Amino acid sequence: MALKKAGVLGATGSVGQRFILLLADHPDFELSVLGASSRSAGKEYKDAVTWKQTSLLPKSAEKIVVSECTVEAFKDCDIVFSGLDADYAGPIEKAFVEAGLSVVSNAKNYRREVDVPLIVPIVNTEHLSAIEKKVTEAKAKTGKKPGFIVCISNCSTAGLVAPLKPLVDSFGPIDLLTTTTLQAISGAGFSPGFPGIDILDNIVPYISGEEEKIEWETKKILGGLNSEGTEFVPISDDEMKVSAQCNRVAVSDGHTECIALRFKNRPAPSVEAVKQCLRDYVCEATKLGCPSAPEHAIHVLEEPDRPQPRLDRDRDAGYGVSVGRIREDPVLDFKMVVLSHNTVIGAAGAGVLIGEILLAKNII
Amino acid sequence: MALKKAGVLGATGSVGQRFILLLADHPDFELSVLGASSRSAGKEYKDAVTWKQTSLLPKSAEKIVVSECTVEAFKDCDIVFSGLDADYAGPIEKAFVEAGLSVVSNAKNYRREVDVPLIVPIVNTEHLSAIEKKVTEAKAKTGKKPGFIVCISNCSTAGLVAPLKPLVDSFGPIDLLTTTTLQAISGAGFSPGFPGIDILDNIVPYISGEEEKIEWETKKILGGLNSEGTEFVPISDDEMKVSAQCNRVAVSDGHTECIALRFKNRPAPSVEAVKQCLRDYVCEATKLGCPSAPEHAIHVLEEPDRPQPRLDRDRDAGYGVSVGRIREDPVLDFKMVVLSHNTVIGAAGAGVLIGEILLAKNII
Amino acid sequence: MALKKAGVLGATGSVGQRFILLLADHPDFELSVLGASSRSAGKEYKDAVTWKQTSLLPKSAEKIVVSECTVEAFKDCDIVFSGLDADYAGPIEKAFVEAGLSVVSNAKNYRREVDVPLIVPIVNTEHLSAIEKKVTEAKAKTGKKPGFIVCISNCSTAGLVAPLKPLVDSFGPIDLLTTTTLQAISGAGFSPGFPGIDILDNIVPYISGEEEKIEWETKKILGGLNSEGTEFVPISDDEMKVSAQCNRVAVSDGHTECIALRFKNRPAPSVEAVKQCLRDYVCEATKLGCPSAPEHAIHVLEEPDRPQPRLDRDRDAGYGVSVGRIREDPVLDFKMVVLSHNTVIGAAGAGVLIGEILLAKNII
Amino acid sequence: MALKKAGVLGATGSVGQRFILLLADHPDFELSVLGASSRSAGKEYKDAVTWKQTSLLPKSAEKIVVSECTVEAFKDCDIVFSGLDADYAGPIEKAFVEAGLSVVSNAKNYRREVDVPLIVPIVNTEHLSAIEKKVTEAKAKTGKKPGFIVCISNCSTAGLVAPLKPLVDSFGPIDLLTTTTLQAISGAGFSPGFPGIDILDNIVPYISGEEEKIEWETKKILGGLNSEGTEFVPISDDEMKVSAQCNRVAVSDGHTECIALRFKNRPAPSVEAVKQCLRDYVCEATKLGCPSAPEHAIHVLEEPDRPQPRLDRDRDAGYGVSVGRIREDPVLDFKMVVLSHNTVIGAAGAGVLIGEILLAKNII
């Protein structure tokens, strides 16, 4: 099968670099267009980028000449992955969609749009049905595939909802949910990124906007669609209360979250039932055979002191979420520790897997 | 006034070294006896200890000849501060009390005894009334001051209860309380202490026994006494549910806790009332004029990203607890971030301030 | 004696904040004018600054209204301490000197001027004679004290030359000198400062311009004056070869340097003679009784694993340099480890002590 | 070809775990016997080990029943990799050799034996000729392959000598060599390993015995054999002077060394010639096609701020050494920064590659 042409917006930034790492030798996609600011445009990628990944810059990307982020430059792409900063993403992504392009974006700008799916690819791929429907209907009508955008969730939301999805599917709604996060600094990018002096022998108990994102995105991702299947209906604040407390800690990659939850239904399941439910979970991406899909979307750890970011963040190449210390909670029903790789399942990696799912579902 | 003779048990360990730092040039106490293992006994302190403090070993302690931890060696002490490991503290402290000595201990061994006060010196000094009563009655009866022990609380409990005390005094009981801790490694001592490889680019979401300590000690510290004033009556599990999740992070000193709480009484106070209550709090040790008592037992911070351990742990020489990000919580009533200095208000420093309070109250 | 009026240029930056901490309750100086960018000018200092020190913002500085960095604003200052970035320092400091002000600067701009003393205040205070002469002569001629500038050395140079000075005084010239530095990140300031991702589980073996500074400044500081006593004559490259390799490491404060040196004269002294020479060293600032002068400018440590930044950087409030592991070197004569506090003796602290020395010598 | 049976001594320790990771699915070897203390013997490996690697415990090793470290248990092994601590390695390894076993050891005990090769497998594989000769002669005489031991070098020596070898081969002897190391903590193992409190916001400028190892081992590795080809003749102290200063820093894996060197021959080569020599280097293991041999044993980096441990330690799976900042040195001829992966090319990884070379040369 011919490879799908992939473009990357914001190619020199931290998320863009991760997209390039993941797409460079991908079985489904070929890196076709790299877009960056006009400062970089016209240069070979290797000369435009300050490469800061632990793997070498892939040979196949080195000599691609960087374009500006225009529709014209990307018009032949089958899919466009956006690593743009929120400051720039808004109008560019809008123009791309209007021009008929298929965009998977890491930016926060359109996450709250009522007809834009907010996807964690090991969690709520059923939400892509709204796009599928839109594409099918438009094709039937106009003969042309329409543009659309799929948003990647916030990184700390991704880890949080991973274990919640199978639990809700098995045991019914969660009505109270708390998470205290210990978040890695890689999410803050690297120009300049998170200041060293703030993280050395220190923690910062605040990440601007993060708590609000978790509290809201969780309700959209675990929510449903309207009866037409075209718009997303988040769980209401009355049905589920979510509280997040976010901290930045001295970890390079891997967000740890200490979560607690209460099910609406009584009696609550047993600890063992919760564990078994998580162990049994197989996400749709895995069933579809997507190349990046994890063998196990969720790893249940039994050691008392796990998961730990340095030891566990790379399970299934970062696409597997680790859950440990599952136990009863004196205040809610259960508490547990969730670890997810923020730049994989929480950012560029999620984007690539979403792309694979779109392809597997014939949406692109 | 003549200085009170102070002894230190476990003088070469990490808690013992802190006791020595704080007592060496103290206005009320003079370092009189230093007890350690038989390996150290007989040596001058400077030769027995591997000094690992950021301040130099005080001159006045250098040449004290280390004793074994026997009643005989400490018999002339007006007060004995114990930094012994729990593995050794049990029988030694018991023997000291039986011999009539006044012991302030950092070990966990006797914290749950029904007639032993568990004290955070900026919080529940009224609990010392049980000792005062015991001493007064024994003196009246026998003419002799009896031995007793006062326990210092667990380090992460100390920070947690500091803001809770004035809140409960003002707004009535708390019925639900959660804390997720991000704890410094200094609490783990230093021979060998917490492994570097476990804390470098990592967190460990588990501290053995810590969650249980927090959940139980909070109920004793915030609880009362029986009608005779001789035994402690912790708040029951029905009245207050407490849930702790404990993490070890890459911080040298200073425990950060993301807490949330619900008051029993409705309506809950306003955020501003909560802040004002905390700002107004003056602890008894401050009123008594104890030399180590903080000017402000609680510092309410308004900056959105504070408290931070590196910047805020040394308020009032570590005796002041910082509370920030006080805000409403979607699940309980309020959430906030509490920072306390674990080796000061959470360990040796608490011990010394307890000693000062005992002196101010004429109990020693 | 009336306090001298002190101004601070660049008052909101990292060096400026340290100046303010040190000057706020100083026995000789009173904080009089605080200069910053036009963005800050007109605000009270507490509202203009993002205070990032471990000590609280001094009360006496809180309400000072920030000025722009103009001669007019500072014209009544007896001394001006400059924490300006090199990008701004050049013309501002020049204008101040021309207007007759006495400037002590942390910026690098004028360090290489032939008539500007480059001072490490525990090392080469005799170099201030050039200023003394200039001031005396100008006063004799014009009746007015002229403006002048004294430069603070680069931070890693300061630690390096501290032990070299007494050694050269005792044993004659050093002809070969190597240093490999492990430098703290605080020197990089904090907006944005050194990136966290570059220092977490990492070192960066490069600091732009730093090696050149060390290699050149050492020769000026250890060098002499011309016969008129008006110009500085650095040691020539032929007389002394200096090689520096600079690394940024995960340390907040405190530069560690692994140095090695060879004396020109044969035979070389013994290790014990070297140690004794360092132990015996008393710097002029100490003899003058300057308030910030260290009791011991150099601390010779005998423990095999010291000095360590966390444990030893605060000796004499950061004005004392620690030297350990003094031993013979198979390639040169001796090797040793030198630790100095980069923001004290290597930056603002040095500036304040220079100010005290200028006062003690009646130059201001 | 049938897989060679491999045994691992010290299988539960940090070096042993790395051996198991590397051997578990190896194309040449099969994990056959795992030896540990009597406390572990008799248990399945997964139950005996506290696995602390970032990769999961290989399935193929999980159920191997751990043996004691006796000749009897290992007698069928074609090769034995020893990760034993020096405290235990001496008599066990001796017994194994006497029993005819082929041992590759990470312990320091026999490194200085005159007939034991000390091998960095990307550097001095020609030294294996002494073993080849011994084996050939013994077989000829007795018909039986004799036992022997090959020692892996100290970790910081391995990185240092990697660039030196091609330089000496091209430009003749080095007469002066200095290295200041910034060493990772993983080398210190993990029970208990290096204390966290010593590495948090700190460096420790001392590693017991390390400087002596570097200074001596370098001379053996770069030295030759006697005329019979049976004994190793280190370079004499007169011919080459080596000076090491060793520091422990907050890095998990990867030793950085700031080195400087002087060639004996004049004139010294140009910087470009030095770089080209390093770029051109192909080690014998690569030529032999060993599975773990690096494509590039040496990577020459041109970016001014590289190599950095987090970004560059994994080149060629840790078997490639990175060299950057190659430049003239004012004191010696050249200075440069060398980065090597201490647990790969400096420990277990080196052992496995030595095993592959022994196999490729038909020595086992």
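Should a chain be cited, it is by its letter among A, B, C and D, assigned in written order, with residues numbered from 1 in that chain.
Keep in mind that, in the parts below, a residue touches a chain if its C-beta (ideal position, glycine included) is under 8 Å from a C-beta of that chain, and two chains touch if they have at least 3 such contacts.
Since this is a predicted model, take the numbers as computed values, not measurements.
Steps from chain A to chain C, taking the shortest chain of touch contacts, total 1.
The greater number of contacting C-beta pairs, out of the two interfaces C-D and A-D, is seen for C-D. Matching the C-alpha atoms of chain B with those of chain C calls for a turn of 180 degrees, to the nearest 5. Shared residue numbers account for over half of those found at the interface formed by chain A and chain B, and the copies are therefore classed as meeting with the same residues. Separating the centre of chain A from that of chain D, both taken as means of CA atoms, is a distance of 41 Å.
Taking each chain's centre as the average of its CA atoms, chain C and chain D sit 43 Å apart. Residue positions 52, 198, 200-201, 250-252, 310-311 of chain C each touch two or more of the other chains.
Interface residues of chain B, counted against chain C in their complex, comprise 52-56, 200-201, 252, 310-311, 314-315. In the complex of the two chains, the chain C residues touching chain D come out as 176-178, 180, 182, 198, 200-206, 208, 215, 237, 241-243, 245, 247, 249-252, 256, 258, 260, 304-311, 324-325, 329-332, 335, 337. Residue ranges on chain C touching chain A, taken from their complex, read 52, 185-186, 188, 190, 192-201, 250-252.
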